[in-house]
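Structure provided below as structure tokens; questions to follow.
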């Protein structure tokens, strides 16, 4: 006998009396048992947010469909994720390998739900690494001239593989607005962040020159505006004058691995609800 | 027209299907509107925990009473806190003043709900400080010989002042089991260590001798077993060989202030549910 | 018999072989005993930095003068601080009192070397608080029209009181370049910082709207370019969607207190060496 | 032309006037140029500690020998490490692979000085992983009955390979006092707890049962007394009631990787000076 599937619903919409009761009642009437539920009301905007996870007794796809209709009748936007369906994930890489190895090892250790179905690189440097984990590697080179064609090829690949989530693991290319609009799937990116912020290239050199005492990393959903999408997770690490630029780069790698992995885990566990340009993370 | 009162219920008991629905339904039927709700199910023990906060339309004391009966009918233990009733708080002090000043300033800045109604010292050192904040100071000296009588005087004072919470702000006396059993109110203590490491006296000397790289502080509810009550909050700070014992003591003061203030805020906001020897903090 | 004075020298200049030996030799020949010494060589710029603290046997002012000449003969820039001379400190305030209380209490607890000789406010709100600590309060109101005259009055006051360090404890006025050029003394400022950075007013509102997961604070030396001077210390604290703007403001206050106090302590202990637009902190 | 070698000396002994001058003078007279120097004086014990790193012009092995004699003449204990000699490192593993992968990848990324010359496992589980990094794997099974013989085989292997450092990367066996006494080389262990709390087995279960709000990891030199050797590095991570034992284990793995890697880096960079039961880390 199999473990009954669980469903997670991520809901948001204008607050109104009785939402918690109605949602819980709907689930209870269908024989579901709530395992976790977390609500939040944004006092400034009057928006209600909820993550609710329940164990079902009957067919999950019908429940998911039914819940979505029910939420719509309450004026709520709902995303449903079933434990019976594993997310299909693609990782985009360039030459840097630290985030890739970190993700691949965590996947192998069973830290993430979902399946890693493809590694797509604009360079071939990580083909061997992907192979050592038994992961299919796709080389899609990109130049300024071939960008449109390359993105079309990537999109075809992602569609064919039925990918639900793209992770940019230090993928050093900017995705076009068209790519994102066509993909219609979440894309998680990792980038370094500093106090104060440094525009332009070689940020660790700039940070060292400015004498900052903290370096940081931010994982966010990619949007048309580069580095401006909803933030999922951030962290920092302390640096002193004793660290040279090389040390900052090394420490930055550690931060990037950690912050990206946490953001991916939260996303795959259906704990991140994006709305407007921010997120609610039900950790 | 006054703002309608809100009620918070902290619930726990054996998990069973439909708890969330029943609780939310009970509130909804009485015209309440849930502002926040957070549930948790301890997978190991099968215990269900909930914090639910709602806005009422009708009389709050009746609701609190009604909810308690309702929870009992579900086999749940419930603690009800109304925003219409301000907690009455007493702070116990000895000679060290850092936690006391920190609490008093935060109270004045409006950071805490509840009223600080008494400062009780076994020494007179902080009488002037209490006065400068306009806080009544009570001197109850304690010696080994007079401990029972002194505790009786403290208990009489707390009863007379209708105190709901006692904060031990670096109060260097151990409360007897009888005192706690008679008081029947929560007592929050700050321990100058990362419990369970370095329980007991002179923890900074112990930490220095052991060469630890982090020192900590722990806020917990006081119980008969000293340093063994349910932990509410902990934090640490990094130390190196460059810090002598004196530096550790100074850095420890900062930690103690911060950790105690956070624990007190969570308690006063009805975010701490103690059960067995642990807490669930709905932060 | 008094404890012999200690001298601290903060040195920097182009690196050359034998610097450590020459400095240590100079001190040893004059009967001094080095208590602490910390050297650093910036690999990128080839600049040598040193903090050296020693116990003297003979007259300290002669030693300080002698060391400065000696350092100059090596092409080094030296700042000398004697434990026999207490720094004289002025705190500038407006209406917010959290940093002021924090500093005043730490001074009273003996956490800082140096003397707090004046509190200067452009509003009178903190006059009573200053008085409660026995600190002289000077009210120097400032409007756009009177700024030049007010700054002249402040400068006269600082000169008269022989102030060595100015702390801006949430002083909500920008100091003019002329003020700083005339003062010729270090000024430490505290401001909030975010990832990403937010220009303009109401930063906590902006941070909340952007959904940042960390809020920060930065203590730095004030320069003509507002918020751009050499950074002394930075720290961050984690926030979630559960915190409203009010919580962010409260948590920011705690950060500001902590970061400013640490920066002031390091400065007064002669641990901060500013050069170019950065600092070396010998912690 | 090759880069001139650098020498690091880690010194400690009773403090006396002129130590810094004498050490720096000795180096200068032999044409050496000090790159970094860091001194510390333990105020409680009167012990002087120094890490000094210099560039040589002449033969390094003669210098190392000469410095040792010179230090002895000052009553100081000195350890000399030359950049011309790469440390030879062995990693001991059992079945858990997270620390092993982390170390191997960092080695490949050039984060560590020294050479990883052997992986020694009491189980064969990580043989394939070692092979994928091109690292020689040695299987030395251990049972209660064969412990003495197995340790003899390990010692022979370490001697043959001229190993300078052993890393216990979640090696689930206790090394005997005889093993350590015979080896006479440093052994770094990672303990999955914030020592001294929760020493011994199943610390995550202990931590969960006690309801602590932080879990930690500790890297230390192994000594006869298990979990009692000099601490090199510690870190913690925040946990809440939402994390079950399984989450604590996963979060603990991340901590263990990070803390162990940092301790190994500091050791290989000759930044850790052990004395008595503590360390001075010149970070």
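Residue numbering begins at 1 within each chain, and the chains themselves are lettered A, B, C and D in the order written.
We take it that a residue touches a chain if its C-beta (ideal position, glycine included) is under 8 Å from a C-beta of that chain, and two chains touch if they have at least 3 such contacts.
Quantities reported herein were computed from a predicted structural model and do not represent experimental measurements.
The interface with the greater count of contacting C-beta pairs, when B-D is set against B-C, is B-D.
Set against the C-alpha centre of subunit C, every other chain centre is closer than that of A. Averaged C-alpha coordinates give centres for subunit B and subunit D that are 42 Å from one another.
For this pair, subunit B with subunit C, the centres built from the Cα atoms lie 36 Å apart. Residue positions 40, 242, 283 of subunit D each touch two or more of the other chains.
Residue ranges on subunit C touching subunit A, taken from their complex, read 40, 42-44, 49, 193-197, 208-214, 216, 218, 227, 230-236, 240-242, 244-245, 277-281, 283.
Contacts from subunit D toward subunit C in the complex involve residues 17-25, 27-28, 31-41. Only residues 98, 101, 105, 109, 111, 132, 242, 250, 253-254, 258, 283 of subunit A touch subunit D when the two sit together in their complex.
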